[in-house]
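The structures considered in this document are given below.
One chain, chain A, appears in both complexes that follow, with chain B as partner in the first and chain C in the second.
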Partner chain A sequence: MSLFTMILKMSEGLGRTCAIFFLTILFALPLGMVVALLRMSKRKVVSAVTRFIISVLRGTPLMLQLLAVTYGPYYLFGFSVSRNKLVPVIIAFAINYAAYFAEIYRGGIESISKGQYEACEVLGYTKAQTFFKVILPQVVKRIMPSVTNEVVTLVKDTSMAFTVSYQEMFTIGKQIANSQTSFMPFIVAGVFYFVFNAIVDFVMGWFEKKLNYYH
Partner chain B sequence: MKKFLTLILVAAMTLSLVACGSKKESKKFTMGIDPEYPPFSYMGDDGSYTGFDVEICKAVCEKLGYEFNVFEVNWDEKLVQLDANECDCVWAGMTILDSMKEAGYTLSAPYYSNTQVLLVKEDSGIASSADVAGKDVAVMLGTSGDELLNTDLKDLADTFNNVITCDSFLKCFTELGGGAVDAVFVDYPVAASYAKENAGYKIIDENYGAEEYGIAFRAADKELCAEIEKAVAELVADGTYAKIAEKYPDIIDNLVFLR
Partner chain C sequence: MENVLEIKDIQKSFGDNHVLKGISVSVNKGEVISIIGSSGSGKSTLLRCATLLEKADSGSIKYHDTYVAKTENDKEVYLSKKELNKVKSYFGLVFQQFNLFPHYSVLKNVMDAPISVQKRDKAVVEEEARELLKKMGLEDKADAYPCELSGGQQQRVAIARALALKPDILFFDEPTSALDPELTGEVLKIIRNLAEEKMTMVIVTHEMSFARAVSNRVIFMDGGYIVEEGDPEEVFGNPKQERTKQFLRNYQQ
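Let's look at the complex of A and B:
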């Protein structure tokens, strides 16, 4: 197999890799905010339960979570396994990444001084107004570097979809490596991921600059 | 001193001659083996040849009262050496080829068979590989099944809707159980043991990538072949065969006589 066919074959899986990436971002970013707010809830029970869930999601490998989401319902309740593996893959990825994003959001929100909330109260802002107009814009700027970190990790984590036989780019690379007894597909995969992340880096850098309007 | 030694040597030689003469004439049976093909035939830790085929042949010779001998064939020329009477059979994990049949060699019934099969759900209505056309099939990455679907059985693979590669047999079977695929393409022994332990599955065996081992004899030795086959059948019947096979767990599931 020539290098060209190899790259062509692996590019077919690249679409699936991108699907995991973008859909995870799409669902995990807002879900993370919900989890963060629950985590900071004044109700002790809600906060404790959320904290426990986050610790489970962060404390177990994503690979196991993928297996649990894909095959768990079948083993536990006899539900059928999804033919379209993208569904369980996205569910597992979104939940896992939401847990990480939630903690990043919490760090950002808690870094805002109490004085700002008091000032908003004096100015007659409602709670929602305070959060969306004053707090959130500052939080977003502060957490950008940490979010970029997670997003870059996500690009590489997409390769884990192989555990549930989702035919993304790395899975195809592995198959080629196996049939050709060649290491080349792994090098190709490495280049793919690096280029992907270089783009992510650039885009996130651009965002950060855009948000830097007070400096 | 010298004289004494000579005397002893002469005595020893005479005795051994006498011993030769008095021994009952037993037929020699020379087994042609490939000494580098474990676990069928190889050199054991003690330096003598052993292996599944060797042990079975020894037991056969014992049963028939033959004197057991081993001849190490040159694998490329094994059949020439067989014709040259250097051995009485080639019995060493040898794949039966059509060319051997065409050349007229007497071949035993296969005793070892490694085939790929399709494992499907009993209620799936799939009865032959033709029914799998347009369906999803799982295969474990890097197994001979995976390789076959990419090479010799490419035509078959092309009739499938999708071939899904999993990284373990368990995942292949879970995909099947959970209804995400319609069949699993897998080695016979693996499929057989899974179907035995889990109800509701059946095996479709159409001899995909069949690899069958048998014993080759000279064209004229049809009687000898029948005699050996009969002796092996007796060993199977009295349990000796299974007992020997137990020592070779890697191949036991592929042994035709134990199925």
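Let's look at the complex of A and C:
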């Protein structure tokens, strides 16, 4: 197989790789906020349960979680989440990344001084106004570097989908490598991820710069 | 005399720490009251109870004719949240640490609450905000961000932000304590101007000569009590209580 065919075949999986990436971001970013707020709940039970769930999600391999969501329901209850494998893959990724984002958000929220809340309270802002107008924008700025780290990791983590044979770029590359007994597909995959992350870096850097109008 | 605020016999504890042991303060329209006292005597806690950042354990707080809190059958009862929001427009608070919103420009810091809390017309609010900034000597800083300003300028923005909501009474909790000595003057001058305009104010301060010059009444707090209260010339020039004398002596050194 020529290098060109190889790249072409692997490119076909690139759409799926992007699907995992963007859909995970789309769901995990807001879900992480919900998890963070539950984690910071004043109700001890809620925060303890959330904390436990977060530690399980961060303490076990994503690979295992992918297998659990994709095949677990079938072995346990005799049905699959969906015939389209993208669905369980996104569920597993979104939940896993939400756990990481939640801890980042929590750190960001807790780093905002009490004085900001008190100023809002005295000025008469509602709880929602306080959070969305004053706290969240400052949190977003502070957590940008950590979020960028996670997003870069996510680009590479999309390759985990090979564990459930979801036909994204890396899975295809691995199959080609096996059938052709060639190492070339892995090099191609490496280049793909590297370029992908260069773009991610550029976009996140641009965003960080936009938020640099104050400190 | 029109009464703006009446606090009667409020008590406040943090755990075992009995911080306010029955404080009563009455503020009339146009009055400027300074509160002095050593650190830990409960001055901030008193302001925080008055501005509803803390809840008193007992006693009453009344703005104009509205009881915000009072003791009924041995229980401290506060107004409902909705009613409290209305009362909040009666007062403003200037913090020691300014607490400006760093992500908003100076102008937006001043304009945002009148627009999003009081739902007032944006064009009118902007005109008033610029006028306020001019009064604070900051008309050329409208588009700057707080991080670009000196401490004294930030505190003046904070005063403008509080005034933009047109409060009937303005509280200051050590407004110059976080400032470099050479910057306190500009903030004190603004407060003095407000006093001349008959703005009702309660000021916690360690600036004794300022307190003596600007206030109609001085309150000395110690250990959770009001130990002495009266005309500034009396309290500073001829204190009656031993503890007041001692405190002022320490300050003169």
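The working rule: the second predicted complex is superposed on the first by the 211 of 215 C-alpha atoms of A that agree within 3 Å, B and C clash if a C-alpha of one lies under 4 Å from a C-alpha of the other, contacts with A are read in each partner's own complex, and residues count from 1 in each chain.
In this section, a residue touches a chain if its C-beta (ideal position, glycine included) is under 8 Å from a C-beta of that chain, and two chains touch if they have at least 3 such contacts.
Keep in mind it's a predicted model, so treat the numbers as computed, not measured.
Asks: So, A:141: does it touch chain B (first), chain C (second), both, or neither?
Replies: After superposing on A, A:141 lies in contact with chain C but is clear of chain B.
Asks: Quick check for you: in the superposed arrangement, does A:213 touch first (chain B), second (chain C), both or neither?
Replies: second
Asks: Is A:122 in contact with chain B, with chain C, with both, or with neither (first, second, both, neither)?
Replies: After superposition on chain A, A:122 lies in contact with chain C alone.
Asks: For A:112, using the defined touch cut-off, is the partner it touches chain B, chain C, both, or neither? Pick first, second, both or neither.
Replies: After superposing on A, A:112 lies clear of both chain B and chain C.
Asks: In the superposed arrangement, which partner chain does A:19 touch: chain B (first), chain C (second), both, or neither?
Replies: Neither partner.
Asks: If we overlay the two complexes on their shared chain A, which of chain B and chain C does A:81 touch? Say first, second, both or neither.
Replies: first
Asks: Just checking: does A:175 make contact with chain B only, chain C only, both, or neither of them? Give me first, second, both or neither.
Replies: After superposition on chain A, A:175 lies in contact with chain B alone.
Asks: Okay, in this complex, where on chain A does chain C touch?
Replies: Chain A reaches chain C through residues 113, 115-116, 118-119, 121-125, 129, 133-134, 137-138, 141, 213-215.
Asks: Could you list, by residue number, the parts of chain B that touch chain A in their complex?
Replies: Where chain B meets chain A, its residues are 136, 138, 141-142, 146-147, 150, 164-167, 171, 174-175, 177-181.
Asks: Which residues, counting only chain A, touch chain B once they are in their complex?
Replies: 71, 74-75, 79-83, 85, 162-165, 167, 171, 174-175, 178-179
Asks: Which residues of chain C touch chain A once you look at their complex with the stated criterion?
Replies: 51-53, 85, 88-89, 91-93, 95, 97, 99-103, 112-113, 116-118, 145-147, 161, 165
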